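Before we start, here is the structure in question, set down as structure tokens.
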Amino acid sequence: MAVRALVWGENVHEQENELVASLYPDGMHEAIARLLREDQGIEARTTVLQNPEHGLTEAVLAETDVLVWWGHAAHGEVADEIVERVAERVWEGMGLILLHSAHFSKIFKRLMGTPCALKWREAGERERLWVVNPGHPIAAGLGEYFELENEEMYGEPFSVPEPLETVFVSWFQGGEVFRSGLTYRRGAGNVFYFRPGHETYPTYHDANVGRVLRNAVNWAYNPNAPYRHLLDAPNMPVDKALEPIEERGGKLHKPGEAGFR
Amino acid sequence: MAVRALVWGENVHEQENELVASLYPDGMHEAIARLLREDQGIEARTTVLQNPEHGLTEAVLAETDVLVWWGHAAHGEVADEIVERVAERVWEGMGLILLHSAHFSKIFKRLMGTPCALKWREAGERERLWVVNPGHPIAAGLGEYFELENEEMYGEPFSVPEPLETVFVSWFQGGEVFRSGLTYRRGAGNVFYFRPGHETYPTYHDANVGRVLRNAVNWAYNPNAPYRHLLDAPNMPVDKALEPIEERGGKLHKPGEAGFR
Amino acid sequence: MAVRALVWGENVHEQENELVASLYPDGMHEAIARLLREDQGIEARTTVLQNPEHGLTEAVLAETDVLVWWGHAAHGEVADEIVERVAERVWEGMGLILLHSAHFSKIFKRLMGTPCALKWREAGERERLWVVNPGHPIAAGLGEYFELENEEMYGEPFSVPEPLETVFVSWFQGGEVFRSGLTYRRGAGNVFYFRPGHETYPTYHDANVGRVLRNAVNWAYNPNAPYRHLLDAPNMPVDKALEPIEERGGKLHKPGEAGFR
Amino acid sequence: MAVRALVWGENVHEQENELVASLYPDGMHEAIARLLREDQGIEARTTVLQNPEHGLTEAVLAETDVLVWWGHAAHGEVADEIVERVAERVWEGMGLILLHSAHFSKIFKRLMGTPCALKWREAGERERLWVVNPGHPIAAGLGEYFELENEEMYGEPFSVPEPLETVFVSWFQGGEVFRSGLTYRRGAGNVFYFRPGHETYPTYHDANVGRVLRNAVNWAYNPNAPYRHLLDAPNMPVDKALEPIEERGGKLHKPGEAGFR
């Protein structure tokens, strides 16, 4: 069965900026989806910020295995309620791939619990992404490095939690470095941050970037049923304890009462 | 120079529940502070939810090296604005120790980005905390395990991110286990979650618990100046690049312009 | 294409101890392989210590995707040369699953770099394995916990490196706990330690154990070509540097010379 | 009480190579020790490969809190027995700092369980070390980066296990990157790998390098008694179990018998 990917695009600069529109006439989300569709095992749809509920209704999310997120100018326009909804789906097991300027998206900051800040410079300089963890599935089929001749620079320190694994580290022509591919698990959901993708460059027409994105979607996919119980805090009754125990000491709660949240 | 610890107490059940009041006549926060003061290198103050700004003004936080947090019944009464203020101080380098039911505090959930849910049972059963990482500073001076004869049970799965290190794992009489001591770094701030501490038991009169708390405060202490820059995303001008580069390709931003957030 | 698993058995107690022989008349390795074969995507062969080169010739290893290792009484009889050969295959990308008393196998200690010691008691007590990381592929299809009514106890501290992720934690009837499922990556190879499997109990006839083993083999499988270059330390000539540089300063090495090892 | 650091030097190129001798007339180990002694809380001694037992007798190691290791040309001359002795002291809690070409030292490979290989180029190019984890104690007092105008290049992939935390990432003039500061715990011992330090450059006369080394020694120091029990695998008698249990099922071992190793 195919992995059901959904590419979420902010779709602002494609409408407002001629250069971006010329690079991505169908929107960046469509260019990204096209890269994903090169893998016949991935079924990639797209949606955009401007749709009702930003295109992220309960029903749509329930049918999404992996969500791919590109946003930049309009992070603040994403409704908090939708951010919480996406976070819950990640905890239940939906994969999430965050691209480039999505480091400052509400959903990434929500799941990381840190500022997610970094240095930046828009100079079209050369970026060379080194594979520091070649055995990781996200690096499969790549060479030892790949280059993007024109990219925005992002520089350390990147204020995110220490990842499960670091997959890529970028070298920039102007003298900076950046941890460009980082994996996390949040609840049952796999999360991957991937650095490149500035809208004024043809990054989503690059073959290596496409390969990383397909690898990432397949890696993030969790075929199992939603892990909804990871959101619950059940009271385990004494008389059903796995080992026989007797109640002792003082109590706050009556039998069957829910806990404080 | 002494480590300036601040113990934050919710101070609700001490006022409303006779049993809790009898165990902790000065409040749980005072009992916790007393344990910390056994280390002459720690200067422990206390504050409570009911104070203006919950006792966590900018000025107070600026003079706090490590914040110790106990809350249970009134997580929802903590103002979101104060939670953000505390989070920023953690990112800047303030240590944070979360105790027991603080797993569901707003500040812990904010910093973890996960549900932080777990199983529970209030039966006064035996808990045995095993030291799984004896070389960790937080375990210094403990034996291979220590016991609390009456505690609330917390059971796995504990829906938190994989920690930097697991220090304690608890065995419960009724058949459950729990990762009871977990370390994280968020921004420049050290974060430690420590499981025991239900308000109807004399946990904060226990010598081993006291030792863990003192160790944790000393471990979490970061003597260096606030790392405020971890919250910023500076634009690095092309003409000040560390290596000479020339601007190329399309641009979104004008020189000196701030980025999107 | 099927995952080619090879189950390596020490095959000593099956020959010498009547109880073990009665539980595992074809050897423990065959019982383990039988559990793996319930997944049609796994092709499981077996071999034993007593074979030439312990059954782990270069040719056999080259055709092995995931090696499953059970040993106990005869760790010392495994030739160091074969241990190095297996380690190299792991670094190249072969998966490795270590079972129970294999915590003291030469290959596990070689890959961990630590004593891998633990407490133990052979009393046939109850073990309850809790899933602490339900979203991990190795836990797929399991309930919140599963029980083995008779197992040897292993107790903390387990002197291994902090894992990438902790998947299982065991509760023991006699009062101990143990981190029972731990993941590592060594070079390009995925490594999983799984605690249960004492030879005097019918553990390898248990359905949940079978499920974990099949999950682990599938998780550990790396479909990509051997990552042999992870063992090399190539000299990168100055005149082929990715960015133009000029040689400066003093030198130890002549052009093209190999480095010291 | 002062931290007792011991700087171990290979002391080969200082004797054989004029350039190295001119940069480090008293040996590299003495230059390193001098940097450490700028912290009055560190008491730094030195020893060299050529001493009996390479200067690493049981008695010397017993009085060493943190061992700092520089080696390059003569890794193979270090006796395996001494390597095991040092490894045991690390597991017991001694800190270990590995410098530059010590990536291929027997002791580092022993503790990592991986090839520890990397790319290299001796061209005296510029290295810029970025602090990616500013709150880590090893980065205290540094700016956002520091430069070494002439260094040997080391390039990724660096085949080591994923670290507990990445502290530094290096940018190289010729186009490579490297994870230059990595932390591990092995048993109770803190381990830090720090990249710079090629013998043909004046790296150990650099103020920032000195600061890193002093920070690292203080970070690695574990003031507590040796954790010798992490090397033992004690049998826990049934009649002394923490919770009352009865022996059941089959047994391999007689009461009090030692386990297999």
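Here the chain labels run A, B, C and D in written order, and each chain numbers its own residues starting at 1.
Criterion: a residue touches a chain if its C-beta (ideal position, glycine included) is under 8 Å from a C-beta of that chain, and two chains touch if they have at least 3 such contacts.
As the structure is a computational prediction, the values presented were derived from the model and not from experiment.
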Intersection of contact partners for chain A and chain C: B, D
Farthest chain relative to chain A (centres taken as mean CA coordinates): D
Between C-D and A-D, the pair with more C-beta contacts: C-D
Approximate Å spacing (C-alpha centroids) for the pair chain C, chain D: 27
Mean-CA-position distance for chain D and chain A (Å): 36
Residues of chain C whose C-beta touches two or more other chains: 128, 133-134, 144, 155, 157, 162, 164-165, 173, 175-176, 185, 187, 229-230, 242-243
Contact set on chain B toward chain A in their complex: 13, 17, 19-20, 72-76, 87, 91, 101, 104, 110-115, 117-125, 150, 153, 155, 157, 159, 161-162, 164, 173-176, 184-187, 199-201, 229-238, 241-243, 245-253, 259-261
Contact set on chain D toward chain A in their complex: 128, 130-134, 144, 155-158, 162, 164-166, 169-172, 175-177, 179
Chain B partner contacts - residues on chain D that touch it in the complex: 93, 128, 133-137, 140-141, 144-145, 164-165, 173, 185, 187-190, 222-224, 227, 229-230, 242-243
